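Naming follows writing order (A, B, C and D), and every chain is counted from residue 1.
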Amino acid sequence: MNNIFGKNISISIFGESHGKSIGVVIGGLPSGIKLDFEQIQQEMSRRAPGQNKLSTQRKESDMPIIQSGIFEDYTTGAPLCAIIKNNDAHSKDYSILKTHMRPGHADYTGNIRYNGFNDYRGGGHFSGRITAPLVFAGAVAKQIIKTKGITVGAHISQIFNIQDKKFDKQNLDKQIFHNILEKDIPVIDDTKIEPMCAKIFEAKSKSDSVGGKIECAIIGVPAGIGNPFFDSVESVISHLAFSVPAVKGIAFGIGEEFANLYGSEANDEFCIKDNEITTKTNNNGGILGGITNGAPIIFEVTIKPTPSISKEQNTVNIETKKEVKLEIQGRHDPCIVQRAVVVIEAIAAIAMLEML
Amino acid sequence: MNNIFGKNISISIFGESHGKSIGVVIGGLPSGIKLDFEQIQQEMSRRAPGQNKLSTQRKESDMPIIQSGIFEDYTTGAPLCAIIKNNDAHSKDYSILKTHMRPGHADYTGNIRYNGFNDYRGGGHFSGRITAPLVFAGAVAKQIIKTKGITVGAHISQIFNIQDKKFDKQNLDKQIFHNILEKDIPVIDDTKIEPMCAKIFEAKSKSDSVGGKIECAIIGVPAGIGNPFFDSVESVISHLAFSVPAVKGIAFGIGEEFANLYGSEANDEFCIKDNEITTKTNNNGGILGGITNGAPIIFEVTIKPTPSISKEQNTVNIETKKEVKLEIQGRHDPCIVQRAVVVIEAIAAIAMLEML
Amino acid sequence: MNNIFGKNISISIFGESHGKSIGVVIGGLPSGIKLDFEQIQQEMSRRAPGQNKLSTQRKESDMPIIQSGIFEDYTTGAPLCAIIKNNDAHSKDYSILKTHMRPGHADYTGNIRYNGFNDYRGGGHFSGRITAPLVFAGAVAKQIIKTKGITVGAHISQIFNIQDKKFDKQNLDKQIFHNILEKDIPVIDDTKIEPMCAKIFEAKSKSDSVGGKIECAIIGVPAGIGNPFFDSVESVISHLAFSVPAVKGIAFGIGEEFANLYGSEANDEFCIKDNEITTKTNNNGGILGGITNGAPIIFEVTIKPTPSISKEQNTVNIETKKEVKLEIQGRHDPCIVQRAVVVIEAIAAIAMLEML
Amino acid sequence: MNNIFGKNISISIFGESHGKSIGVVIGGLPSGIKLDFEQIQQEMSRRAPGQNKLSTQRKESDMPIIQSGIFEDYTTGAPLCAIIKNNDAHSKDYSILKTHMRPGHADYTGNIRYNGFNDYRGGGHFSGRITAPLVFAGAVAKQIIKTKGITVGAHISQIFNIQDKKFDKQNLDKQIFHNILEKDIPVIDDTKIEPMCAKIFEAKSKSDSVGGKIECAIIGVPAGIGNPFFDSVESVISHLAFSVPAVKGIAFGIGEEFANLYGSEANDEFCIKDNEITTKTNNNGGILGGITNGAPIIFEVTIKPTPSISKEQNTVNIETKKEVKLEIQGRHDPCIVQRAVVVIEAIAAIAMLEML
């Protein structure tokens, strides 16, 4: 296995949480795309820590520094490399992690996978921080697919047991993405902001954490994208989605509801609207037989609660093979769902770039 | 995009529902594996139509004919090609499908994707029939991973609103797979067989269909398999799962339940058992940070109701661009979940073979 | 490693010399290409054995039987599988090859590579016969690239010490390909036919064999095809060329002559002709920096003498690890260069299809 | 096409001659390899400019700065990124190259390929400088394959019409690589150093350049590496070799001589030596049927003369589409063959790493 995503484009992510830098090389980009770096920085900020009281206080400017592939603000078509320096890492906070495996984390599996040579500090290459280069790549991808009329947006659809409204799958206007973006907690239904915040603070006060769901939509995708075996649109999106730490489930369209419906209820009947073939409903989330049908692509991912909690947990010392207690020190998010929204958008945009 | 799955192995599926044959080429197999062809044929039968009253009466012997890659019953290490002839196809039943797009099917997206040159008969390359070569590849994969102590099994976890028990994620013995296999409807809890059958017949009597869920487990996988970016175990399994027609969702471990839990509840605490590091629970379905932790891999997929129903539906004629009514003729399954069980096992086995 | 060529298209070759069939699956083809099957069969015949006195008397009709991917004579866009049955194999002729390793052949390396499980009959998957599916894929590729104005042709440029004229690299008309095709020995200079034939018969009379060179040209390729790292046009063509058994060298443009020239002699100066930018010479064989410049692509491959000779040779018995004498029985070509011409054209066409 | 080499490992090269930095990401490395950074720096120096009077005076320290993938001097198994800063670039020297296409260079093809958005300064992504990250990757690969007993070495086998001795293909000891390394001009036969130097200086005095050949050997490769279709050892090595700017030909073993021999002369007869199966000769350069046979892998590449010469040349202005004269300014090598030796070794080592 070789750490690359993509057949048409290539995304190669590198870096560890406490190494010199993290970054990404993107190959196969079209030349001549003018990139808006301010917009890229805005996207980076949506994921960056320390943005508000809901997230970890580790402050990273997370400014991507372009190494190659851009000349006079335009993509050259040669591989684009951007690095993000690791500035604010307190490596000493993490020294216990060499031996004490954090439950729910990749400490143990990473140790086994790499025979103990993995950089354990802050999760190393498994750190959520490694999604920053993914957000960069997504920000670039967004600007490229925008030239073809494609827009990506997402919102928190659930925090613990508090559910936001869902996207209107059939009549989705990209204006809604702008509205969502302006909120501290990116939801459709404003009345859910306060209870979601309260839940996150409650978890924090208990030294615990909560998870949730993110619903993502891609608007403007033409019909006919994707391949039945083995690169269905669902395959490509889910492949990327499950590269994002903490994602444990994905469903397209109405998702698990499909199990409870009759075929006659689930099928999206075709009709003619404005002389174009379209569907009356969009239960299938814009994808039939693995190929887009022109309706918005809709999917929802489940994000597990941040495994890093300061509450005492039972675990093992991998060197002594003894059971031990662990209270994880350092700065941790009681909830990462709000920071993951832009990451999910990023992988959606990258998937589109790959498939177009 | 190039129709291949795998970096270490390669799976290349070909064929259309009403073409000369369907088949698969599997590259990258180890040499010297003795294949049990009787067992392969049994696996094929689990998916084949016409096996009992629950499925379509189209009878296909579905016997794979080996073209290459096997010499004196052992794999040679060269690409293994098997073809399955298309015998019992009634092409005339499908002629209306050239123009009348079946709701919920790939007729429309396939037409757009291939500029109208797709073989529309019986869904062509999008037909559920194309999962037969996948089952063959899975049957081969199962025998190879068995030599490393890995076993795959699945059951119907839901038909419409009737739910089976779930696998005991922590203490899963492969004996349960044998028990499940012997039942007409592969479930854990026998009391669910009758209501599930009744539901399927009810759908059939209404000229309608139902969907459901399949839970799959992989036992015996060593810790340390998978790659964080971009080939997490979840990425590889989901990539394949969404190549199976009708799969619309996948979740690992406790899946969507993760959204409703605190971190302290969701985390699988490590402990020592028989001098080995293990976890007390298996909420994560055997995967942490995209890498196996030695616990059983558990995932569940959502299968939408068979889109082919004989009930009248609204749709369009793609040539005239007029709205039309459609009653799909031919033989169709009121439920394909029971036939899909072995397909899901197949993709699980193929994913393991790729990652080992 | 997984037995697949291509990122945009995929070519998956399968089969052994004495198995049930050999064949190929081609993925990623455009839909809607009408294939001329008579022309494909003609291409197959150029490689097939038993065509004239110069080649082995093993008669294979070598008729490809389409399994999938073609509907009403047009490509569907789904994977195209064709198989070629193995009819005329005399397996018993080859039984000694299980233990007696033929010098210059893959018997020994195949045995080691596949732990003794390789099908040794007639070279198995290493047989020159496996180039037949490659010729099929090339014939399909030729018809597709022809729709973009690209033509491929080749000739024998050397048999033993007898050299043909080279292509006029700068002013190459595709008419010359037709002229070459009509000859028993495909050369530019007719006066070389008789001495080449004589040399081949001389080798045959000595129970020996001869090799040679093939020069290939691709006309009509637009400028701007290829990628510097790592998919230069030379990289892609050479990757395929060295998949053809017996090819041991490749050079582009004036090839090894480059070593003997000054930069001022080697450089192709640019000029304007008919208002278009072109080069005065074509020493670089149409490729600069790994990318096409619009001039004909020219390359030459070196083919080693057929290793199968009936002359007595020293070798070893792999089971007893003793030195033994071997006189290879069966029907063998004293020269395969003339049959390899169409194979080299095929890989050139496939490479173009991949890169376009 | 996506700018990545490798299926098992992945090499992703980025950078332009006058951008911020150039570098490489290497994925799929084994964990736990201790890297000797002094040795890596030595390898970098062998390629670096300004090392002696034979090469350009552009001075680049060419020190790779590790960004990731190394922890406490050992590979972690996560992607290894190294960047090399561009310090000594005089961008103004190159401004004429925006319009005046250098003959023999990629200026024109790069312009067409990337629609005029390529970074033309110093050749941009096509610059020979981009081989520095390749040398870094090769230096890492060398250290890894050394742990398996594999050593790579190369020498200049020809400069213009002056030929060095060839490697003794059958009895090659790695000591010879050390001897070659200590010379200013890496040749086997010391008497060729002076005439080669003289030839290079002569070319320089004429504002011209010369090319040559490099012969490379890989010792210690076990038998059984490689795959017949489509990843023969020759395919993988040649794919990489033709990514190196200025390489125009490659041949394995005795190469083009194969065309002039009888099969009985060309075949490497097998024999028993020290109870092991080996061959009496090594005409095939250690590869049969695309798979290693345990003998040294031997190949030779042809390097064209440096296209950058200060002698006046005819060319075109791509903007005005007029014919113009060009005298290339700046510092250029009259011969790059001596600097390319380590690059060829690098690609050989990378190819081995990929295939093992």
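As a working rule, a residue touches a chain if its C-beta (ideal position, glycine included) is under 8 Å from a C-beta of that chain, and two chains touch if they have at least 3 such contacts.
These figures come from a predicted structure and were not determined experimentally.
By number of C-beta pairs in contact, A-B leads when A-B and B-C are compared.
Seen from the C-alpha centroid of chain A, the farthest chain centroid is that of C. The distance from the centre of chain B to the centre of chain D, with each centre set as the mean of the Cα atoms, comes to 47 Å.
Rounded to whole angstrom units, the spacing between the C-alpha centres of chain A and chain B is 27. Annotation: 39 Å between the Cα-based centres of chain B and chain C.
Looking at chain B, one finds that residues 1-4, 7-8, 13, 78-79, 113, 125, 228-229 touch two or more other chains. The touching residues of chain C, counted against chain B in their complex, run 1-4, 6-10, 12-16, 19-23, 25, 27-28, 31-32, 65-69, 71, 74-81, 83, 113-119, 124-125. Those residues of chain C that touch chain D in the complex are listed here as 1-5, 7-8, 11, 13, 101, 103-106, 108-110, 112-113, 125-126, 130, 158, 160-161, 203, 206, 208-213, 223-232, 234-236, 238-243, 245, 247-256, 258-272, 275, 277, 279-280, 284-285, 287-293, 302-309, 311, 313-316, 318, 321-323, 355.
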